[in-house]
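Think of it as A, B, C and D in the order they're written, each chain with its own count starting at 1.
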Amino acid sequence: MGIDISHAQTVEVGYDEFCGALAARDLQPLWKIAKQLMPDVPIPTTQPWLWKWDDVLPLAKRAGELITLERGGDRRVLALANPGLRGLPFTSTTLWAAFQYLGPHESAPAHRHTPNAIRFVLTGSGVYTTVNGDACDMEPGDLILTPNWNWHDHNNLGDQPMVWFDGLDLPLLTTLESIFFENHPQQLQQVEGHNRSEQGFAGVGLRELGASSPPAHSPLLRYRWAETERTLEVLHQASGNPLSSLEFVNPLTGGPAVSTFACEMHRLYPGTRTPSVRKTGSSVYVVFQGSGRSVINGVRFDWGPGDSFVAPSWARVDHEASERADLFAISDRPVLNALHLFREETLAEHQEVSGTFVPLKGVEISADQS
Amino acid sequence: MGIDISHAQTVEVGYDEFCGALAARDLQPLWKIAKQLMPDVPIPTTQPWLWKWDDVLPLAKRAGELITLERGGDRRVLALANPGLRGLPFTSTTLWAAFQYLGPHESAPAHRHTPNAIRFVLTGSGVYTTVNGDACDMEPGDLILTPNWNWHDHNNLGDQPMVWFDGLDLPLLTTLESIFFENHPQQLQQVEGHNRSEQGFAGVGLRELGASSPPAHSPLLRYRWAETERTLEVLHQASGNPLSSLEFVNPLTGGPAVSTFACEMHRLYPGTRTPSVRKTGSSVYVVFQGSGRSVINGVRFDWGPGDSFVAPSWARVDHEASERADLFAISDRPVLNALHLFREETLAEHQEVSGTFVPLKGVEISADQS
Amino acid sequence: MGIDISHAQTVEVGYDEFCGALAARDLQPLWKIAKQLMPDVPIPTTQPWLWKWDDVLPLAKRAGELITLERGGDRRVLALANPGLRGLPFTSTTLWAAFQYLGPHESAPAHRHTPNAIRFVLTGSGVYTTVNGDACDMEPGDLILTPNWNWHDHNNLGDQPMVWFDGLDLPLLTTLESIFFENHPQQLQQVEGHNRSEQGFAGVGLRELGASSPPAHSPLLRYRWAETERTLEVLHQASGNPLSSLEFVNPLTGGPAVSTFACEMHRLYPGTRTPSVRKTGSSVYVVFQGSGRSVINGVRFDWGPGDSFVAPSWARVDHEASERADLFAISDRPVLNALHLFREETLAEHQEVSGTFVPLKGVEISADQS
Amino acid sequence: MGIDISHAQTVEVGYDEFCGALAARDLQPLWKIAKQLMPDVPIPTTQPWLWKWDDVLPLAKRAGELITLERGGDRRVLALANPGLRGLPFTSTTLWAAFQYLGPHESAPAHRHTPNAIRFVLTGSGVYTTVNGDACDMEPGDLILTPNWNWHDHNNLGDQPMVWFDGLDLPLLTTLESIFFENHPQQLQQVEGHNRSEQGFAGVGLRELGASSPPAHSPLLRYRWAETERTLEVLHQASGNPLSSLEFVNPLTGGPAVSTFACEMHRLYPGTRTPSVRKTGSSVYVVFQGSGRSVINGVRFDWGPGDSFVAPSWARVDHEASERADLFAISDRPVLNALHLFREETLAEHQEVSGTFVPLKGVEISADQS
């Protein structure tokens, strides 16, 4: 039974030639790289990093002047490219975050793709995203889902630009080699109704009799800021803790809003530093309002409205607000949970702070008054 | 509500300077790379590739002479490094396959790690792998699990070397930045019993009353070849098809044996070419016995016992045996299923064959009779 | 193999003596009763029936004068006893419904039991039910859960009596021989907080990060009428249908609020008769507001506020409001779903009405002005 | 808000007249019956009982002479009627057990019904049950499923009678008012294959790739005695315990073979009395081989091959074999688990034995040598 190797030959070569023979045959010897492949704890390539709103916003506006939204590009998006990822336009190894800028009276054309996407609105008004015919209004603080293979286009009817934070699973789906993309036959979808997805979900724990869920994502496509804020406030009043955290979930199943990452909101109250926590998987935060600082692996990151930062897997992280602050975040925890890989631990003591993050690597560019 | 941008500035720079300003701030413009990031269908970096047993075996034997098994390296493993992955020692973007060589009277020391691993035995006898104290015998055609965070060591009591095929989720866990590793305090574990995991599973559909499953993997750690072969034969007699395919599953749940990839066995009967199929996710095959050829994206790969090959995501694949052949395979389908990303389609016609794969890129090395 | 019956004897008796011999040995011959045991479609013993509020309320008030709430009885409850169930105090074969009357400044002592119970408030104010230390306020239209093995007591701080509708799975648990009951060591529980269960659920699709669900029931114990009504209204505006139906669910899982029956709210708009539907399993309705009529198996049941009625399994049922009406209902559908026994069909045409239900079987009792 | 009761009247009647008024209106006062409805622990109506093979077999044979198998009766079945259930032909409140006798060259016609049924063969050979076209051979010790709404007929090609033990959920489905029944258009189904359901399940933990499960029951319809016995033996060798217990499960999900009750096999080794256990839900046992005794709530039940007995919910139960014994059992545990009602406890000491069960209530009937 099994392959007969009784007549197998060896090759009488020295170690160097042997290594060369391996390389020539697309073989790699594990024993040379075992510790890099299998470190004792995760050694992320994702770097802790922060992008300043004061850097992003002028460039986003300039992009609004320089770039049009046409088939091919489709979107005016500035991606947060993690310097640890060797030039890839990804924010962590699994998550992709970006700022998207939609000028007054602009529309971004309709398409669909297998990557799940969410939009968290930072500024602007009078915009709606049409998802499979349902025009979902977008106001600051709202979370809008454009899940896997759902048609979507964005439309700004107002006189002001809108900027939102984009969260996608693009790096993970690149690794999974599972990206499909399709343009809609029309430039924009026919609108069949407004905020329809909310109609079945007017009350907590109340479900239309007979309602069922699409297998892969929440049927609720818009989570309004007013609901989010009220929930944060109630959680705070109930616990008295300096940190209230909630997850946006599928109301029909309690599972994550999209299958590949979690959407979270964290409200920090000033005066207390949260415990240092480390967990597997990365998170990308964007500050909706307020200011403060986070310590990631001993480095202090100061942040204010519109700033965005990323914490890699197994990094020590704590936060402290200097004024009450609301941070939206995406995290790949659902993937780790599904694969039984999630670990989390709270450190007994706060980590020491050994430095402060200074993002800008190059020269300053001058910004004229517009 | 929202961030006030009424006083926001733009930057009066031309397009080139604008692009430079983005790069200096770790921002990347999506519109330049949209089609690469979001192709219409998956464009894998994983290349279809094949590793010849006749290349691997002499080098594995030579490694047996040159390399000892000690703490640090721990294993004598030749990894199948896909040329598409720019030097990474991975077989696809999610899967890692390797040949492991354990010489007579050798032991590979005890450790554990979060990557799930499986071993499919190609040749040899008299070996056991101890998994959390349970000594699992290894014979040709057997599948042995050493799942996430289970202690394991390998022991060859016999006079012949053993070679097995290793399958791990190492690339995926590298992307998920979730690898933990620990050496066992002893060189080898204490053996508490032999083939104990099989004791609860002596009959199909029969479960010890009150038995429960570890959350992340099958409690059955050894799948014997005799059972596998009998099942393949029964499936063939029932269907009459030229291809019988089975999956190794957790007998307590029906789910995959480990959470991050599927273990499969395919028996091909000569005389018929299977339909061309493409599906999301990659698969790595190793030939246990028999010979034939597979066509992957129009290129013909000829294979015989011990040869291993990889099919990337969304590649067209069909097989044809020249004599009855058994192919063991691993596939990342469970991950795609869990995230609602699995797609599969069967092509109406066979793909055309435009070339034949020739693996060896460099010079021949001479092998002396040992 | 098997039991040896080669030497078995027969008994030389005639048919009558044979039947007697069976009876004497606690055996019953199936062939005589096959059609009763296995009818072509369900032949419920549960009868369609209706209880008039005008009958119930005076008796409930009188019970308030005659009966005190003490250990032993514990509750002042008038159970809806279905005449088809041969004297059993059950409303259907699986469901128990009752009216509970709690006088001003009264308390019903603390206990717990395995039957799940829900309370739907019909009239009164200033009452709370303490569930495991959480004082849940009760106002008209509110639904309060006192699930399996949760301590609960009821307290009326006001000057008015409260009457609510009780729904329990008592008949099913009697059949399952699974009823446990325990008195609390104190007459009333210590109140540890007010409406605490609502704190985690202030917004739809928003979950406290890390929240988990008790396995058997919703963590939300109070569903306020204002939320229920708003949801009914939104559903109606969305669909335009004369019937809006919702289910009260566990917000963490989307499953039923308690494991053994569903809690539903139906809003009927006047002017349209709903289609005739039949489904497996029974439902008990109580009218919260409005009036109308339901046709059950051809018999018309007229109803107004406070009336309660039961529809048996596989009965044809349709409804028509004469003024906008809200009906609360409990149904054993979750049990049938869990056991893969649920069937439902909508009839192509309305059923004919062959009669009108007249509940009162006996003499009228006179009611003085109180 | 709520029903206005400000003008509600009371009824000035004494307690007796009040009770009469309730009864006249189909209302029952809980306070009079609270302890019966809600006992501290289950008070089963199911009685512990035993049916002797020596009583059953001669009557079954006589039934074979007196009763033919025709449309209407369809089956020659002697049901085990529990004396506690007031004449109902049920063995417990949820389970129905019976002995079915199929004479040489007889067939029982094809029908289907929503009650799940299983057949455990006690004696005979050369019989098959056709389930949806699949002819499943029946040999002693085999378990055959004829699940919810699957067509089935029984056929004896041999010269000997077959007797099997029938297990059904008939009492539970009667309570759930969910029984449907249909005769097949033909007297017997067309046989499309033999033991086909076994073809996909030739090895433990091996599943045909792409196989899926019917939602409500196991796709494997025959569990052969040889597999069952081998598994019992392996479990015993592994544990050394005097009791080995297994459950027959759906190999694709690990769940119960049918949704409404568990099928179990218990092997007892002589010389040791098992611990006393009590659990919610009832079990019906039939002795396949061997002899011994069980103590149920202090009463000793002696049993040998072919005897059958029932243990009610929450009864104390222990067993002791006088020679190695195999007991097949059905239990409603899956229902209790699904509804979160299962409880089980092992008593620290053996129960005292206060009496011995003597089943026969009436006169002896004489059995002639056949």
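The rule is short, and it goes like this: a contact is a pair of C-beta atoms (placed from the backbone, for glycine too) under 8 Å apart; a residue touches a chain by one contact, two chains touch by 3 or more.
Small disclaimer: the values here were computed from a predicted structure and weren't measured.
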Stepping chain to touching chain, what's the minimum from chain A to chain C? 1
Which chain's C-alpha centroid is most distant from that of chain B? C
State, to the nearest whole Å, the distance from the C-alpha centre of chain B to the C-alpha centre of chain D. 45
Just give me the whole-number Å value for how far the CA centre of chain A lies from that of chain D. 54
Between chain B and chain A, distance of the C-alpha-averaged centres to the nearest whole Å: 29
Among chain B residues, those touching two or more other chains are none
Which two-chain combinations touch? A-B, A-C, B-D, C-D
So in the complex, the part of chain D that touches chain C is made up of which residues? 1-5, 8-13, 15, 17-18, 21-22, 24-35, 37-42, 44-46, 49, 51-53, 55-59, 61-63, 65-67, 72-83, 89, 93-94, 98, 113-115, 121-125, 139-141, 148, 161, 163, 170-182, 215-217, 225, 259-260, 280-282, 288-289, 305-306, 312-314, 332, 335-336, 338-341, 343, 359-363, 365-370
What part of chain C is in contact with chain A in the complex they form? 196, 198-210, 213, 218, 220, 223, 227-228, 230-231, 233-235, 237-238, 244-254, 257, 264
